[in-house]
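Here's a structure for you.
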């Protein structure tokens, strides 16, 4: 039997266990479920969980550790044993609810640990290669270098500051587009628009998040870039580059609109009506109510949405490659081509360079640096939210 | 609004009766405030208009460039299966016949076309062998070969079957190739153009809807006209299945724990920050992770949807967790009190009351997270899914382990190819991807509308 | 127990202007007909009490008076309501201006999740009632004193309003409404969560306000109605059963329903 | 106005068991010391009234009795509270089970945004109090009748509970709490938004419940306290000033603070 | 067990590899190979990660494997590697079809794109603004050149065969060596200007093409095959008077080209069905020879293809040193 079918079998067994546990508890209570400590459903779940969980864990382990094949059916046996054990425990005074809730709680904890495990794994998968990089390339030059000129023959300058600058610059512009537009769109949808309009507009805007970034990239390259160059940059004498921080930022901002708008819309919608009523009854206009009562109450959620958008901005590649170019440069002029850390991570990892050379390994160091930096940014955001959070009711 | 206005304040002490003011006449302050209100509202309209405008524009370009990918031009001419070409040994032995490669079948088509031209009395200046041999798609040869090998009876007969034309011929009927561009195009010629037009006049060239674009597999740079999305759609479907089944429950479970059950201390703060930080990790780093953990450590195969699905799950989790937590936070505490007050456990409070109220936010997170996962290429790069795959993965569960590509991968690959015909295909693939996205989100969007309420 | 602090106030109704003139008002919540054909004239510089069994439509009618029903999607209002002779449901009327003139205290206290100070200062700020911080401080203090809350919160003005006790929240909402200095103040059971002393203070405040404004108060306490109001309206199942001088209503009710409600009184 | 329906009930305190034994209870909200050193024994099959000025800590103390304060992050509870001799703050105690036995009606009505029926049926459902739908229907009807809401909502049980009037919501919450059949029922100003008739009905319900359960009720109405309770506790600034038989408290208060609160009574 | 061949590596080789894979699957009784791009470095990294089903069988490369990479391979037990050079890729300069002709020399390109040039015995920032500034024979058009980014192998070839060559022939190398030392001078030869006249392209040739579309003054660096597929949009520049074509590159007349390779794990022969057949099929005359589908697509066939075929048949591995 393949692991898949064993899984199915275990799940079927668990379903059976649910029915058995349920009916057994009802029978033990003599048909009067009020005599039970916990509802029959909980007794059912208790049996189902004890059937499925250990068996599935064992199965996963055998699969992961590439244990001999006969161990897989053993999981099924364990499932049967669990079922028998749980059934035998079923009794009217058995605290099935508490047991089930403990198990569920355990599952919840495991789920939140996945996030931690992911982080650990990411750090681990970055840190060794980064160390190798720093053995080949001085860290001072990496962190404080203002030149980014990798070359095949070695002797590259791999200073990250130009990339950092580009990252911050482009993300900033993207957020300057996405946050106001997204927030105003969210406000309009949740506060002004009729339900009909909202139910159409909201999913429509969400489509923006689903359009592959390459489409945005091409849009930046083919449409926005030349437009900005011909109508703004050149007349103002700010350069004649077709790709620029501005192009990438604008287009990326467009993509990020739904991140801000949809999430904020939900949060704004969750602010209790009584707060709005309170403000409106004081003779404040709708917009005053929104600005001074609704938005502050929705702040934590909105900050979360903006952070998510910022995160996407930092992690985006395609739009930057096509919209902002690949030139690592520090310049205040938004109409010049620049590039970001993420682009260079992808670039250096997928290029033709020797994979053991600092030119490739620098990608890992960049990844790690970015990770640490965004961590700092998030700590700051958490602090801000804590400070200004307004808990309603 | 701490602004202190020039307007004399109404006396407050003692509250003297204010002068009668008409409700129908705005006083200056109200006028100003109402103007601000209108501006604010206008900003909202403008914001929505901007977003919708961007959407409409993008969709317009996508559909403009991509619709033609769903159509394909075929020729209908008699094809003689000449025995000396396909069966040089002359013994109809399939093993022997197999030695004739697809390239060899080109001759059949060339000869048939030449015969057709002659039979119909088409006279075109400068029509040479190259024009004839590049008239049909390389795929047509392969199809022919497969047909002959499957049915050796055909050898020596003349069959009439739709023959796929090459991308340039196809392009002539989609406005991509004109007589002028044909003149300077190394891959076609004016003579070929005239021939195609002559054939069309006779009704022997037809452009029709091309289901193969949706169902067939990718093809190499030499035959853009044959490239299809079948494998990519399956691959994306398998991956999204995994992502949905894993990321939604895990994400919601993690959020519930962190928001409702976890003690509030340094550790949980750390976890919280950590999760938002994961959202900022460039997606390719998840690819690095997937390669290390799922392929090198867990021993799962390369290019397999299961690995892609797992990586995308990890990538989607932060989005879902962040939005779910925000939604949980927004549920008023009084609801929780009410449930706890009648003796519901925290778990029951959570699942019976708070979660349903947080559902819109959770679904939004899911919609956005899945949209992002569906369109992502970079993390698939390192786990081998940005690949040229020409065999369909089998049905689940084995199919999860078979090589497959994905829709965004196909878009990404096709936009990089040299033949301009692939650009049209890439846009077509985006249309399919959007349809896929909408289909995937339809349930979530309807559900969300059901759950939305104010309290 | 002697708990009736009935002050005989000389009320000269005819000398007063009509502030609110309501004619054939109907309110529907979707299908539900919540207010049926109510016509009533509310006088200026008068406290009017709305009494009636729970669910009879008092709050609904009150919310019509400053168009707060606009915020309930399914609510529909018909009929004419004139404030100083102007139809408040006229298309040209700006509900914002209306609500600035017709303030409201809600049945469920709904303080903003802001500091106590900001809660009270909210109205004066948006209406620009204070020229500077000192004036604003003064307004806030006065409003809080009026609502009998000053002593309890004067040391914690910066704390959030939602961390107050139920009764404190209610008084905060009263202070918030008073600070805006409206012409008409609608109060939906403003004393329901207050102890007797605080209630007395709020009633005093109402009495003070009456000098310049009109006040409409919903209450379930017949005693309170008798104490503070000059006019009383009795609602029943969406109908305005009886409206008249408070004394008359309580001593000589004309309608049998009023009679039975009053006589069945307990609270 | 004769509004005192004072029924003389023969109360034999000693014969009753102690239900709740509270010893040196302290509650802090962050820095704020909200309950100071309160010791009190609440009796079984008795209605105990908590009275005191707004903000004195009545709700806070009430919420301690079923550990609802656990949900307020900054609240800390110290001291011992024994329910039938068992410390409810013991680590081994499951607050869920505790709350199933000690039900609560909150000061601000907080119906679930679900149908009226589901609001009431929720408790019985999770506690498995009904074997089938018919039984559940019966429980719901009985609870709604008890809370004097049945007639108003019997035709709209499927409508959402948040669309009710303030008083209706309050009664819904009472019905919801009663339907769970707790041993102790904590009611935080259950009649504050109710008209006299509904109040009378709820008081009747409380009296009924007393036969089997103990009830703790917070009220600002001295009359109500006098009418329904056998024991009264007077809180002031976080202190339990006086606790004793209701008659004694109202007729022979020992503490001057009680005295002055009682005599200053109005509402 | 895996029954399809896994190929990864250079994106320049990718199109050829897919053509081969497709034909291979069509004509042989093996499952279609899975072909990935990802870059030479990434391909070789996976190639050298070890033996077994979870590693790839064939790595495509647009440059020979480096010593360090070989060492890593060996360290991971990947010892028997076959190196197959199957053809060349020509690198061309092309501009918008509507623009003027560009008869370039490496010297012109060098003078147009070098970051610093020697003027009157002194190093100064490159002052050239139009091609006519560089060489009066060229059109007076703004200099904008789209050059592959530093991650591309093409960049290396461009630097070596165009910039360095131009630097030398123009005499700038000599002049700069005189100013500083030889190493610095060589580096200066291949350093491109950063004032926006030379634009790095991190994407692929389609991006370069799109940029020329949106800026008709631009000149782009392309692979020969890419140009051949887009002759209706691009006009190719001659180098030293030679127009690039499969023939001129094969004969060596056209100077800018690079060899293409793939590497095969001999140890996977037998374990992965069809691996050896695939390698042989790749370099078969019918595929990689002149007139075959690869050259039809733009590959310059290796003039010594016969020798390569023999080496593949004999399973010759890269010598260990």
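A, B, C, D and E label the chains in the order they appear, each numbered from 1.
Here, a contact is a pair of C-beta atoms (placed from the backbone, for glycine too) under 8 Å apart; a residue touches a chain by one contact, two chains touch by 3 or more.
Bear in mind the structure is a predicted one, so any value in this text is a computation, not a measurement.
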| item | value |
| --- | --- |
| Between chain B and chain D, the fewest steps along chains that touch one another | 1 |
| Intersection of the contact lists for chain D and chain E | A, B |
| Pair exhibiting more inter-chain C-beta contacts, A-E or A-C | A-E |
| Chain separated most widely from chain A, comparing mean CA positions | C |
| Chain occupying the most central position, where position means C-alpha average | A |
| Approximate Å spacing (C-alpha centroids) for the pair chain A, chain B | 20 |
| Chain centre separation in whole Å, for chain E relative to chain B (CA means) | 31 |
| Chain centre separation (chain C, chain E; CA means) in Å | 83 |
| CA centroid of chain C to CA centroid of chain D, Å | 28 |
| Residues of chain C whose C-beta touches two or more other chains | 96-98, 100-101, 108, 126-127 |
| Residue numbers of chain B (touch at least two other chains) | 1, 33-34, 37, 299, 333-334, 345, 357, 381-382, 415, 455 |
| Chain E: positions in contact with at least two other chains | 11, 37-38, 42 |
| Interchain contacts (touch definition) - all pairs | A-B, A-C, A-D, A-E, B-C, B-D, B-E, C-D |
| Parts of chain B lying in touch with chain D, wherever the complex brings them together | 264, 333-346, 348, 352-353, 357, 453, 455 |
| In the complex with chain C, residue positions of chain B that touch it | 1-5, 7, 9-10, 12-18, 20-24, 26-27, 29-30, 33-34, 37 |
| Touching residues (chain side chain C, partner chain D) in the complex | 1, 3-5, 29, 51-55, 59-60, 107-109, 152, 163-168, 171, 188-189, 191-200, 220-224, 226, 261, 264-267 |
| Residues of chain E that touch chain B when the two form their complex | 2, 4, 6, 8, 11, 14-15, 17-19, 21-23, 25-27, 31-32, 34-38, 42, 49, 53-54, 56, 97, 204-206, 225-226, 228-233, 286, 292-293, 296-298 |
| Partner chain A, residues of chain C touching it in the complex | 66, 68, 71, 95-101, 103-104, 106, 108, 110-114, 122-123, 126-127, 160, 162, 173, 176-177, 180, 182 |
